[in-house]
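Got some structures for you, see below.
There are two complexes below, and they share chain A, which is joined by chain B in the first and by chain C in the second.
Presenting the complex of A and B:
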């Protein structure tokens, strides 16, 4: 059986983002990282692999630089890596989902893990979209997955506390922040990763005709700058501060 | 804010992908496991045992050694590991230097097959800690005159004498001890618990507080005959270990300097005096640009030296130059950074004074700064100036 984890490379949450000509300037991003929720998906994919649920393939769709994530995943234990080399910056979610679904079929994976949303777009559509395309049960926003015999049991937050959901394969889990430590690679893993070859394909190689994007991003711009802080001194300013906290900051 | 290492010339772009992955792994360890604990460790004067465990799990101990379960990385990777560890603390880097270069290396290079198979797997995993006993109370820069001696008693060796300033001594299961057998310096493996051997800790250090420093005392210490290192005689033994450790230090010092530079830069941008950030004053900028200059030069020196070390085209004098230069500028950078922090510079809220105090030890051990001057002086002139009388 094959387990797949879907990884997306995003600007590091601490990296400065510059916008020029109405577009995020990709070249200005100083550091790219694996989207944080995807890291939890990877961690649980490794746990499933260790529990004997199957081999683990790490999959990404993105430009050349995204391959670093796959090597990093191999260093912590992914058995194989699949990189669909494509410029995803102007693709809509339908295009991405059809590519990823084809990639999962290509790897014959029946258990798929990914983040509940990516740290850059925050749209949250990839997991459910891919699940529907491959005909898998989708369990969203989980914080834990375990294998129990032939089925998979996941923990997810519900309105009345926690909920344990059991599904059989094919299934897809989207990950929320989980209460687990992410593992660090070790030298042996890093040296093994060097020997593993990343399978690199194009969407066409997977038989996907992505067509034109149906969504057009008109422009991107930076969030407005925070207004400078205001300073108040002395007891006489208390009423003004209270007023401002109530009316402007909406915190009391 | 995550750590952004000063790398003005992008020297790290010369590293292989594997070396960069090792760097990121160790950097993550320092950020998450070391920095949150280091000030407490220093206050309590302890080396946290969990760091030993994690170093073993990461698989970085004895980094450049091949076989016997050892990592088999490049010397460049070893340098990078030292740099990242010492960005955390020189005491942490000292632990790794001693374990890999001073205790594992002599067994790996001069030990018997049985010794290698027995000790190296346990040491690279961190299960067993090693130490290196060369310095004596009366013989520091001049170890050739050591008085610790071993006698062949037929079915065992008997060791008598004392070593001082021994990093990891008290926590070590394995001590590689240099002693004279019939007047010739030889290496011996002494184990914790051997009859007549004790390793009391030395207390009261103002420097390397998160590192264990000990005396090794041998009073009719009895060890089996198979504990002598068969492969080397004379000072070449300890000196080959020191070459590797000094190489690592030339990288490590850069990490301490980078940490001090970052702290000084940040502090000077946020500290307002005379209505403006002190970073806006020329005197401060002069200090920061001098730090940038020296760190960049040190990085290039270390990187080039590591290429020579990996290709085997190096002489000990190359290492002396890098060790003395890089530690010298790191210490000076730490002092200037301390100055830029004003009174805050003496607090343990900032790393600068800790690095400064640590680097005083680093300047002294592994050949003092001036001993390296003398090594280079001899290389330049052909005249040794360690002692009177030209020979």
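Presenting the complex of A and C:
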């Protein structure tokens, strides 16, 4: 059996985002990292692998620089790596999902883990959309998953707290932040990863005709600046602020 | 253009954001159908002005949440452009319905302009993106970003039976500690950070919250340091994104990852003893004081209103 984890490389959450010519300036990004929730997906994919659920393949679709993320995943224990070389920055939901769904089929994976949303798009579309394309059950907002006999037990957020649910393969889990330590590569892992070969393909190699995006990005801009706030010294100012909240802002 | 709205439900009724979805849909023109999964909130939905039809969608699959099953049962009742809330559930359903209908989805939109220009925050609010799209498509809308439609409608309610095979079995429900309102549902939020010193001091935040009907949130440092503060309270990059009318940050420094989850709040109040705390950079009203000094007075003043 094969487990797939979908990893997206995004500007590190501490990196400044600059805009030029109506687009986020990718070249000015100081540091690229694995999207935060994807790291939890990877951690639980490793746990499932260790519990004997199958081999683990790390998949990304992105430019050349994204391959580093796959090597890092191999250094902590991913068995193989698939890199679909393509620029995803102007792709719509259908395009990216059809590529990743084809990649999952290509790897014959029946268990898929990914992030609940990527730190660049902030969408949360990919996991559920891919699940529907590959005919897998979709368990969203998961913070724990484990093997339970022939199926899987997961903890997911619900409207009234958390729920423990059970699901069989084929299934896809979208990960929220989880209460677990993330493992970091050690020297031996890094050496091993260097010997592993990344399978690099194009969307066409996977049989995907991506076509035109149906969602055209007209512009990306910096968020509108807020007018500077008012600052008051000391607790004596609390009554003034409460008055302003009532009379200026009209919110209480 | 026909519009189908996926009702956002809360318990057995309608979540107030549904009225905002109808309000936003009104600007697109075209008949509006509200789809109520599990029939929940159907009669409330028919009261919303501007709604032409309510589909009370009944089926066994709606007993527990399975976005695959729900979306299969819902897609065949969805016509034209589909609008849902950008809640976790709304996003998951929106994405699945889009892929089942073979149309794109745009999530978490905050502005819809003529010519179908959709604006949404990206990069955790560090940029905004405007896209053009032609119908049909699926769009999820951020709570509190759109004017709510008024009541006074009288749409016909049609019951449709449709179900689909469920693949997720709920084994156990683990209730949240306490009965407090969830931050993602609240119009006013008061959040505490590491500056609260210890978790029992959150009782002061609870007191304020009780007076003004607020939810209580927390920074990641608070959630990580204290077991008593559950992750469900966390606001920020790896917590919840909130968009209330009023956000009060107490003893929170204002790290970029915290701001990512709350900077689009309409009004922000910060209480922090450090005049240089970055939270003051986004606050509409900043109070440089310790919470020990400021909260009693805040309680008293709010109590007078």
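Here, the second predicted complex is superposed on the first by the 229 of 252 C-alpha atoms of A that agree within 3 Å, B and C clash if a C-alpha of one lies under 4 Å from a C-alpha of the other, contacts with A are read in each partner's own complex, and residues count from 1 in each chain.
Rule of thumb we're sticking to: a contact is a pair of C-beta atoms (placed from the backbone, for glycine too) under 8 Å apart; a residue touches a chain by one contact, two chains touch by 3 or more.
Source: prediction; values computed, not measured.
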Fit or clash - chain C, chain B, common chain A | fit
May I ask you to decide whether A:194 touches chain B, chain C, both, or neither, giving the answer as first, second, both or neither?
-> first
Winner by number of chain A residues touched, once chain B and chain C are compared = C
First (chain B), second (chain C), both or neither: which does A:14 touch?
-> both
Apex chain A angle, CA centroids, chain B to chain C, rounded to a multiple of 10 degrees, is 120
Answer with first, second, both or neither: which of chain B and chain C does A:159 touch in the superposed model?
-> second
With the two structures laid over each other on chain A, which partner does A:185 touch: chain B (first), chain C (second), both, or neither?
-> first
For A:75, select first, second, both or neither according to whether it touches chain B, chain C, the two together, or no partner.
-> first
Minimum Cα separation, chain B versus chain C, post-superposition (Å)?
-> 9
Both chain B and chain C contact which residues of chain A?
-> 14
Residues of chain A defined as touching chain C within the complex | 11, 13-14, 16-17, 19, 24, 36-37, 92-94, 97, 116-117, 119-129, 131-133, 136-141, 143, 153, 155, 157-168, 171, 174, 177, 179, 213-224, 226, 229-239, 241-242, 244-246, 249, 251-252
Which chain C residues qualify as touching chain A in the complex?
-> 10, 65-68, 71, 88-89, 91-96, 98-100, 102-108, 117, 120-134, 137, 167-176, 182, 188, 212, 231-232, 234, 237-239, 241, 245-246, 256-257, 260, 263, 266-269, 275, 280, 282-290, 293-294, 297-298, 301-302, 305
Contact residues on chain B for chain A in the complex?
-> 1-2, 17-18, 21-22, 25, 28-29, 57-60, 63, 71-73
Within their complex, state which residues of chain A touch chain B.
-> 12, 14, 71-72, 75, 184-188, 190-191, 193-194
